[in-house]
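In this document, chain identifiers A, B, C and D correspond to the written order of the chains, with residue numbering beginning at 1 in each.
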Amino acid sequence: MANFKGHALPGSLFLIVGLWWSVKYPLKYFHQKGKRTLLTRHYQRLEIIEAAIRTLFPVIGILAEQFVPDGPHLHLYSDSQWIKLMNWQHSTMYLFFSVSGLTDMLTYLFSHVPLGLDRLVMAVATFNEGFLFYHHVHNRPPLDQYIHSLLLCAVFGGAVSIFLEVILRDNIVLELFRTSLTILQGTWFWQIGFVLFPPFGTQEWDQNDHSNLMFITMCFCWHYLAALGIVATNYSLVYCLLTRLKRHREGEIIGIQQLKSDPTAQKALLSGSDED
Amino acid sequence: MANFKGHALPGSLFLIVGLWWSVKYPLKYFHQKGKRTLLTRHYQRLEIIEAAIRTLFPVIGILAEQFVPDGPHLHLYSDSQWIKLMNWQHSTMYLFFSVSGLTDMLTYLFSHVPLGLDRLVMAVATFNEGFLFYHHVHNRPPLDQYIHSLLLCAVFGGAVSIFLEVILRDNIVLELFRTSLTILQGTWFWQIGFVLFPPFGTQEWDQNDHSNLMFITMCFCWHYLAALGIVATNYSLVYCLLTRLKRHREGEIIGIQQLKSDPTAQKALLSGSDED
Amino acid sequence: MANFKGHALPGSLFLIVGLWWSVKYPLKYFHQKGKRTLLTRHYQRLEIIEAAIRTLFPVIGILAEQFVPDGPHLHLYSDSQWIKLMNWQHSTMYLFFSVSGLTDMLTYLFSHVPLGLDRLVMAVATFNEGFLFYHHVHNRPPLDQYIHSLLLCAVFGGAVSIFLEVILRDNIVLELFRTSLTILQGTWFWQIGFVLFPPFGTQEWDQNDHSNLMFITMCFCWHYLAALGIVATNYSLVYCLLTRLKRHREGEIIGIQQLKSDPTAQKALLSGSDED
Amino acid sequence: MANFKGHALPGSLFLIVGLWWSVKYPLKYFHQKGKRTLLTRHYQRLEIIEAAIRTLFPVIGILAEQFVPDGPHLHLYSDSQWIKLMNWQHSTMYLFFSVSGLTDMLTYLFSHVPLGLDRLVMAVATFNEGFLFYHHVHNRPPLDQYIHSLLLCAVFGGAVSIFLEVILRDNIVLELFRTSLTILQGTWFWQIGFVLFPPFGTQEWDQNDHSNLMFITMCFCWHYLAALGIVATNYSLVYCLLTRLKRHREGEIIGIQQLKSDPTAQKALLSGSDED
């Protein structure tokens, strides 16, 4: 959908996933450092829920692309003409991400699916998005073409980084990199919407002005800086929260140990030690 | 051969190899997980047979390219003119794949050939296919050029992935990735044949219509999705089959162990234990 | 700033960092080889100071770009026109390097920041420099465009190499490679300044002469050779210095041991052994 | 030197190095497999000699480029004109390879030079060759441009492969790959000489005929196939030779052991065992 909503939708989906990842991966990282074996069952359940959501999100996108009033309504070819190929291409992009979510789910549900396959399919889905975008923006005004092509940096960079995760699984740096690129995609889709289809009746951008192109390039860099900032903030927040929780719990333990020295409280200790 | 058969032939060869790989690699993966040492002799024999077939297949291609009625019949230059260079280029592509098969065979037959050389030559053969295709499609109508150039994604992606296998041998994810790209090549060659040389007298495609290019891009993505689906299906089928076989065999063992407790059946046990 | 100073400034900053690295990394390498555990606290302090300087340096660049007489003075948009986008783009480049320095500092100050994140942000900052330069040089004379685009080789090569350091941390070869590319950038910025804005009133270069382009290409190679030479020289100097220091200290120890055999000097020995 | 000799010279140098490598690396590989510790001192001496020769070879090239009758004779600039920039660019290419040889020599002579630096400089020298070639062939007829640009595949492929050796040192597959690409460069320089400057007064090639380009592409593939064949042949020859030598020596040992049982020959045994 070449309008504001058509860019706000994928933007929001990418943003939600990116923000969630910017919380999940630090959480996992700090837990793994502390006690390696615990909590893995909780994480597995979490991963399956996340994968289910990442399977459903693109389905929303597909439905939106197909059944908007001027959409193709699942018709592909009639009267020797292709119908609404743009919407079909967007649907295909969403479809791949849906398959990627599904593969994630299968990887965590069935132990015989080899680890790394989920990352491979995610890399393929991301590459596919870039591939379709690359062949997507011909015959448009320069600014439109350019603002979409900037997205390719984030997309192909992400694809390479995710492909590396096939080999280097659970590398926190690569995971945070992926997270920041996902947030970048999310905010950039919103930016595209605001630039090409100004929603509040503001003045339209001159699509052929070179200085607009120059500003957009720089703006893309600022978006990435913002994405890095968001990831860093969430990372620190998670760390502070976990540290406070740990202190709180340790405080309880110390309290219990003080009880220990008091022989009349030893019964309470025996029942309380199960909670840790 | 710039006709339907000339695309159906490589398509079929790639498809056969791809489908076989989609069965072989899961089989090998599940066996290796269970008992690492057993069955390796069987696998080695299997690999040699596969390599022999992958050496012979391209020879069929070379013979077809050279000795079709309008082929060069091994003449390269006469009357100060190159003869049928297209057919010669196709022959060269086949030749490299034949050499790759030969190297595979040698790697499994002779222990002094270093492991990884087979993958290197396979990567070179794949790169070579892409290299010749890249310089192959000049001076043709846009759709013809474009539909061939899409193949390059699968080919160069495959070459990089196979080159990685030199270092990361026996990585099931990379092997399945290679398998899916091989199936993609197979189905895409058939697609090219159907688009450029409609076999059933159907209407020809307009080679200059931009919306045809857009559909073909998307169609390529769908082919890859289908290839992924085929690999996933075969992977699951192999898993189910192996699990059922294992249960069946374990059932026998349990039956035998029940016989054990029956002292009159102990002679049968002694002869039956050889079967496992 | 499209003048001599605008190229001399980044040139000097890159040169200072590069030259410092060409001393630091050999120093660290030789120390690590000898005694792995010692001196790490000194190094950590050193790294923090370096990171602080690498955070401040780009701030100087940003201030220079913004507050030169013909700079934008932090105004971005007025009278429906973008103001001095060139200076803003340069500021953005400096900003990323500043963030990279900050990340380095945080990595060494707080142990919960994952190792490798500093290198990732440095790779992103370097890539970002190349990214902005790539979209920066349109609509200029050929020589101007070309001399800037040569920089991209050093920049993107550096970005890939630094990204590799995320995975292969503390690899001396990659560190020296990065050092040499940083020195190359430093000297090349000076070269650009001398070519495009001859400072001593010398004859201007013909911007459209093809032989000038050919010479500049070759000159770039010579710069890199010089950078390699500087790295090699500093590496050797550090080695000689450390070897001499070591011998000197061992000489003292031997002297002390000779004193040992002299029973009247044993008191001196006991106090002297603290110095090692 | 844009003539036959100017291509025959680098062709021969690359061929000699390539052929030598196709003997050296198998030799080293088989020895390392047998007895890991022995013969290393011999190999080190061999490596130093090789490095010295690889330092001297390019010096011959530089001298040839500078002091041929129509060469620049070390003059770079006079009468406000660059002198013979082509020859200077060739000299620069040679110079980098010379520096690469020197680095190899230093790596084997001094233990404080980090391993992998030799490969890094070799990768840089190879990349530099490609870099200069890429900016070298403007303003020439299509065939001339194309036949040189094919070289870039071998050169950049080689540069990436050698860069990988920084991390994966002593990987026989990468070493054989490098060897085959070096031989390819050698034979291709000869091919360029024969095509662009037919030495035996044969008919000149039409530089604008597209079918010539098509043949040259294919011819490049055949050259690589030949290079692979040469490497494979030398590899097998080295293996056969070493196996025969080993058997011969073992035969001697068995003979000696037969002597052992003969008590009158025990003195001969004691002196003979030193030879193994």
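Keep in mind that, in the parts below, a contact is a pair of C-beta atoms (placed from the backbone, for glycine too) under 8 Å apart; a residue touches a chain by one contact, two chains touch by 3 or more.
Just so we're clear, the structure is a prediction, and the values are computed from it rather than from any experiment.
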{"item": "Chain located farthest away, centre of chain B as origin (C-alpha)", "value": "C"}
{"item": "Inter-copy rotation, chain A to chain C, in degrees (Cα atoms; steps of 5)", "value": "90"}
{"item": "Interface sides of chain B and chain D: same vs different residues, half threshold", "value": "different"}
{"item": "Rounded Å distance between chain B and chain D, as computed from the means of their C-alpha atoms", "value": "34"}
{"item": "Length of the line joining the C-alpha centres of chain B and chain C, rounded to whole Å", "value": "48"}
{"item": "Per-residue multi-chain contacts in chain C, two or more chains", "value": "none"}
{"item": "Pairwise chain contacts, counting only pairs that touch as defined", "value": "A-B, A-C, B-D, C-D"}
{"item": "Parts of chain B lying in touch with chain A, wherever the complex brings them together", "value": "29-30, 153, 168, 171-174, 176-177, 203, 210-215, 217-218, 221-222, 224-225, 228, 239"}
{"item": "Parts of chain D lying in touch with chain C, wherever the complex brings them together", "value": "80-82, 85, 88-89, 92, 95-96, 99, 112, 114, 116-117, 120-121, 124, 128, 131-132, 135-136, 138-139, 166-167"}
